[in-house]
Amino acid sequence: MENFEDLGFSKVDYAREERQGFPEVIYGEGKAVEHIEPIMGKLIERHGKVMVTRVAKEKAEILLERFPEAVYDSTSRILLYGKPVLNFGGEVMVLAAGTSDLFVAEEAAITAEWMGCKVSRLYDVGVAGIDRLLAYRDDITKASVLIVVAGMEGALASVVGGLVQRPVIAVPTSVGYGTHFEGITPLLAMMSSCASGMSVVNIDNGFGAAYQAAMIMKLVSEGVHHETSVS
Amino acid sequence: MENFEDLGFSKVDYAREERQGFPEVIYGEGKAVEHIEPIMGKLIERHGKVMVTRVAKEKAEILLERFPEAVYDSTSRILLYGKPVLNFGGEVMVLAAGTSDLFVAEEAAITAEWMGCKVSRLYDVGVAGIDRLLAYRDDITKASVLIVVAGMEGALASVVGGLVQRPVIAVPTSVGYGTHFEGITPLLAMMSSCASGMSVVNIDNGFGAAYQAAMIMKLVSEGVHHETSVS
Amino acid sequence: MENFEDLGFSKVDYAREERQGFPEVIYGEGKAVEHIEPIMGKLIERHGKVMVTRVAKEKAEILLERFPEAVYDSTSRILLYGKPVLNFGGEVMVLAAGTSDLFVAEEAAITAEWMGCKVSRLYDVGVAGIDRLLAYRDDITKASVLIVVAGMEGALASVVGGLVQRPVIAVPTSVGYGTHFEGITPLLAMMSSCASGMSVVNIDNGFGAAYQAAMIMKLVSEGVHHETSVS
Amino acid sequence: MENFEDLGFSKVDYAREERQGFPEVIYGEGKAVEHIEPIMGKLIERHGKVMVTRVAKEKAEILLERFPEAVYDSTSRILLYGKPVLNFGGEVMVLAAGTSDLFVAEEAAITAEWMGCKVSRLYDVGVAGIDRLLAYRDDITKASVLIVVAGMEGALASVVGGLVQRPVIAVPTSVGYGTHFEGITPLLAMMSSCASGMSVVNIDNGFGAAYQAAMIMKLVSEGVHHETSVS
Amino acid sequence: MENFEDLGFSKVDYAREERQGFPEVIYGEGKAVEHIEPIMGKLIERHGKVMVTRVAKEKAEILLERFPEAVYDSTSRILLYGKPVLNFGGEVMVLAAGTSDLFVAEEAAITAEWMGCKVSRLYDVGVAGIDRLLAYRDDITKASVLIVVAGMEGALASVVGGLVQRPVIAVPTSVGYGTHFEGITPLLAMMSSCASGMSVVNIDNGFGAAYQAAMIMKLVSEGVHHETSVS
Amino acid sequence: MENFEDLGFSKVDYAREERQGFPEVIYGEGKAVEHIEPIMGKLIERHGKVMVTRVAKEKAEILLERFPEAVYDSTSRILLYGKPVLNFGGEVMVLAAGTSDLFVAEEAAITAEWMGCKVSRLYDVGVAGIDRLLAYRDDITKASVLIVVAGMEGALASVVGGLVQRPVIAVPTSVGYGTHFEGITPLLAMMSSCASGMSVVNIDNGFGAAYQAAMIMKLVSEGVHHETSVS
Amino acid sequence: MENFEDLGFSKVDYAREERQGFPEVIYGEGKAVEHIEPIMGKLIERHGKVMVTRVAKEKAEILLERFPEAVYDSTSRILLYGKPVLNFGGEVMVLAAGTSDLFVAEEAAITAEWMGCKVSRLYDVGVAGIDRLLAYRDDITKASVLIVVAGMEGALASVVGGLVQRPVIAVPTSVGYGTHFEGITPLLAMMSSCASGMSVVNIDNGFGAAYQAAMIMKLVSEGVHHETSVS
Amino acid sequence: MENFEDLGFSKVDYAREERQGFPEVIYGEGKAVEHIEPIMGKLIERHGKVMVTRVAKEKAEILLERFPEAVYDSTSRILLYGKPVLNFGGEVMVLAAGTSDLFVAEEAAITAEWMGCKVSRLYDVGVAGIDRLLAYRDDITKASVLIVVAGMEGALASVVGGLVQRPVIAVPTSVGYGTHFEGITPLLAMMSSCASGMSVVNIDNGFGAAYQAAMIMKLVSEGVHHETSVS
């Protein structure tokens, strides 16, 4: 049973990289510092580096004392131990509709970089002033994969989705009020989008969008050689 | 009690025009032909004309036998007795995102014309192909009031709302599937729009949007002369 | 690229006035003081004045130190730099159903004034004591545009909507409890209103209602001269 | 075990009158004719009369063949065997906002009459034309109990609730579209009403409202003589 | 305009007693002490007494300094100035399913007493131990009006509703977790109850239930003498 | 790959009995007759018998032609090929609140019998007439497992749950209207029940409840001998 | 009236053990220390031991002063006075999908032990790394009853449900974010599970699941001897 | 204006292929045959082929008369004019949980083939019998992109998502009942999945999933050469 290690409260998944392409990342929300620390320790031991997402500032400060080489980004609330290495060609573009959406956009951008992607950022280009977006139309069409982060009504995703021939991953954010329902409205809107070829991840899930983007870039980088035996 | 007439099942509102600016319109949905016919009769007697909305084809056929001068539009399902008269300057523009939204767009357009407005129509300009919309940017900015009809995620309203300095009234439609929830999603999205100065009416309520647009054109036409005594 | 200025976290929209009729307003909710301050600076530089909405008291105090000429209204939580100028004839009336709805009513009233409108206020006229409302019936019918602010079940909007021939913009508020769902219930009720010619904005969105009211008054003031080429 | 009779698929409740004040009424919806008929038979045997609610026309026709003395009302879809007897003084007033709400209003009115009440009807007095309602203000304030039936946004209940010192029972109806959600919106609105002393029953539940109204009239008729031993 | 007094932020409703049978009660939630105090002052001036509901402890302490004769009940959060007078015969019974529901049950009980009713209390009789409820069956059937306060699934209301021939007013409470949705579940359950003659008020609305109960007792006390002219 | 057989559109699960204790049952809803027939054939071949649930009458008639030995029950819509065998001691009691709930109650009862249980039925014992239920209190407390089937507000489950020391499985039904939401309300109510030791299955899922009841009776019948190595 | 004792705010249920198989357990949430303490006292007097669930740390500390022999578990927030006794053979297995679900899993495990069961724990075996779960397949199939605790999408329950022939009780947890809706999503998913023979309890309701598991083990232990007289 | 052609009711988008990588596809749902036919004609003229999705059988029969070379697939309801050409290496695998999900799975599979992908199908591998899925583990890990189609609780997506290092696109289906809410439950579950790197499309949207899969395969095929100028 060498694929995982049982810490009692947790079974650390060493087989993750082989199985899923990237080493395990720790989801920090709702985990106590006493739980995060040993898992970090085990993963650093095994992989030499680790990323922890959704780390509140107070927890980060304690963990930084224990792992002084680590770095904490207060916008995305990501804690990194070790440096990202650029593994893949092409470019993941992260677009954000408004200034208030940056905490999600940065979670996506830093995650994609951590997983080996080159990342470009295009922020505050919401559709209420569409000329700001169209000013970057050339850059947008050149990106390999696009992550569109938007709160409010999330219309940016539809407009971008109609401009490109590359996969668009939409991330609704919890930024809004009233009928926005903490992100439900842009999520539903992105799901119902009139633009083809767009898929959606959970509210504020910049990490998940970046994870899929990195999987795509990995596939591009490795190419396609295998075939299944299923008809 | 001369302001309304009591038919037992209905109290016909003769004071509507003085009070609300336009004669009573009959909402046909859920009313039996036996109810619609006498109310039509009373209103024609009083005003010389009448509009009935949401009339199913089968009902329309019966009513057309009784009122052969009436005209029925099968897209909007509106029955008109009498002709609209152009009363107001300026132009109400009705935009529709997709071909399937026309039944609502036409309800809005015909209602606005009935109430005295000049109407221009711009259909199938959904944001997934934004160049189709932008090709008409000049016309859009010239309209006095804009009614934006959209199903799916309703993003057209936000984009139009960001392009003009005139009032935009958004109408979500029941066209879509799955997470679209028969119009709830575009309604919520329009409510949460990042564009300023936009208001929203009920799902498929082309009539209501046109009614408000006509009230605005009437106000423009009549100008502002009164002042209240409230501070 | 002179239409906007890129501050990194934000692209300040200088073309807003030409495109949308009024200079950009800063939505303060969820923006850090470090973000609001430079945008305020840029907009004051360009327009000589600026309005910031939804500014919490603590943030306002810091910003007032930096911009001592600014004024903060604690009911509406609006921060103003510069004085409003009366640009349009006619009158926007703001009605509020209850004392607890004033924070939204004042957001609407101050915004409309800021944008150039004359504003009258009629507060605490909820329908449970309908005589209070009817005592002002003459004033209500004289207003050019009416903004109806109501929490609870929002019935005031329907009653007012049935009394006037001018556009009514309804604003549901988050004031209520239980089945009120923080404003969803009056929003749905206003959407389903039996009164014609009423449109609705997001919960507590006094700003949006006033923005549309001001657009209408601007249209009245400028009149209608252009025509589109669309049929 | 004489209080009920076991028909296998049903246990006919003979003790209902003693326990709840009125004999059992058959709720016809979702019951097959083969189930309704024997229960009707048993109840007629015991009480000499019976009321069946929510009987579809096709079922009614079959039952009328079996019980030729019965009478069917197609608006309320109620089947009556036997005649109502006026047992209580005072008056239950049934108000309906619109013509389309009559199927519920009549269910309430006929039920209240069946249970011994005098009933007055005031129909098509929705708040969008409030003068129609206010024309009957004297009558409204004289009623002993008021049942307010309304679809759309249900605002009539709040207005009536604010005019009287008698109990108001509000009945939301499924009449409306879009954000009306088949009656959920007026139900929530009535629940959140700013008028005091109003209670609400299920959507389209004219029967339930009338049942409570009759219980109140019965209490008035019998007076109050007992006291509990609970402190 | 002697029926109300305009304090600017509020129009104090002096006609309430004549119109609705009882003097205005102040709903304290969401009102600042600076708003409550002058309204209290005006109402004491007029009526010699006043009740304020939903007063947080901190606010109550300030108000008690200003009105030292007032009394504050910390369970129901009601502030009373003046003493209730027993006006009506018969008995309003308040039942509560669990210990945690007492804050609502006491709001109902104290309100009913304030409005002139005799009140009996039967607490902690939830249906999971039905023998506790049935032990009081005699008392329950003797009450004139029953207010059933229940959180969780609210089943107590259905069981009580099936035991009596008097009006039952059900009050769902916000006591529960998970699928209880802060009171929505018992509210929906009470609405869908299989027991006839029950009506429902908003979540935690002990005040509203007691208000209707008092209206019923007032009607019983005054009897029925008037008749409307409506057919 | 002998554990299942691949029919292309379906992989028939022969290992189900060993793995889950009972042979595969066919869920007929949404399956075409052309799909059901070959799967039935394969399972009869393997096990000598088969049960198909949720078979519409029209489909059943076609299948009965193909499998003339099969029997169809029109209340539960179950098609049986082969006879049930009584395998387990004790008794599963199925309770139903109302006559309209029988289609679910019978699905549960027939399934439990098919799986080897002795079943007793107690129907039409809803809590609005609690004496009907309490008349059977002795029988209820003797049952080994209780399946409580209820629509409307589902209160029967809570009352039964408080009377017994045996596992209660609650099945909400789609029988009701308005706020009942086709079964959501009793489901939520059962989930929030104040009675301990009750679990819930999906709306109308009589099959699932019976499946779990049979698993419990099987466990009782086989006793407990194994122990895991997990601490 | 010896079956319960009336403390005014509470009726302590001494008949619970005879009626429901286990002595009353105190649900600590929302109860004040002043309420919990006397009920604990009464139950200790009667049964010599007591369990209190959902006790916040601050309350626990006060209660521990009063009952120094009691023990508090901070993960499950359970307070125990007295020791559990192993009464039943077989084994209840508690599985948890993630580390963050432990607070619910431990509530279930400790409750089951308290009620007399042997409990095995299998934690952090969520389906995203299915090999961790399958590594314990033998142990899983040997358990008598399985309690599956899972947040996020709750898929663990379906997978486990398909592996065993013993009853599975699923417990959704409030661990997740965005579309997880504080546990609604895994609850709905578990309800809609494709695995047969699984039932579900309320969100985070580890206690309820354990209660039913213990009832099952009690039934196994006592065997089945009685039969009802109902057909 | 050569990029689209205005048919009045529709603006045919000829620029789609250049802008989005693939020619326009006609969404047949809600479009009349009279609308579909001319658009088909225009697109065949331009591209020599066309795909129409969601075509009801009756419409398909009429269109097949007009376009006899077209082919209609009744499972997916897709109408094809022209043959797909294999353009990309690698393999898109479509997995379906149950037999009833095939209508969506085939929409995905045929669309992906139409757009140039090699497709493998793995059907009826729902997690309730996980051995059926694991029997194909090798094939699953070799696929380039995986589309997982599942109704009920949608757990298949999470399990597959945890087995592979390639992008997984999850498609919830409307197959289920009760708490399944016509696909909302698997959609929410997939959104909340514990597996990383998965994204989700609208309910039953096999087309959208295939579109994104094809975009990924196109990107793999073309490689990454461009870079944006955005930092």
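Letters are used for the chains, namely A, B, C, D, E, F, G and H, taken in the order the chains are written, and counting of residues starts over at 1 for each.
Throughout what follows, a contact is a pair of C-beta atoms (placed from the backbone, for glycine too) under 8 Å apart; a residue touches a chain by one contact, two chains touch by 3 or more.
For clarity, every value in this text was computed on a predicted model and none was experimentally measured.
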Contact-richer chain pair [C-E vs F-G]: F-G
Chain C against chain A, contact positions shared by both copies (same if over half, else different): different
Rounded Å distance, chain E centre to chain F centre (Cα mean): 44
CA centroid of chain A to CA centroid of chain G, Å: 36
Inter-centroid spacing, chain D versus chain A (mean Cα positions, whole Å): 57
Rounded Å distance, chain B centre to chain C centre (Cα mean): 24
Residues of chain D whose C-beta touches two or more other chains: 19, 129, 162-163, 178-180, 184, 187, 191-192, 196, 202
Chains touching one another, given as label pairs in label order: A-B, A-C, A-G, A-H, B-C, B-D, B-H, C-D, C-E, D-E, D-F, E-F, E-G, F-G, F-H, G-H
Complex contacts: residues of chain A adjacent to chain H: 19-22, 25, 88-91, 93, 118, 120-122, 136, 138-140, 142-145, 162-167, 169, 187, 191-192, 196-202, 207-209, 211-212, 214-220, 223-224, 226-231
Touch list for chain A against partner chain B, complex: 97-98, 126-130, 152-155, 158-159, 161-163, 176, 178-181, 184-196
Chain H-touching residues of chain F, taken from the complex the two chains share: 1, 3-4, 8-11, 13, 15-16, 19, 29-31, 35, 174, 183-184, 187, 202-205
Residue ranges of chain A touching chain C (in the complex, touch as defined): 99-100, 102, 123-125, 129, 131-132, 135, 175, 177-180
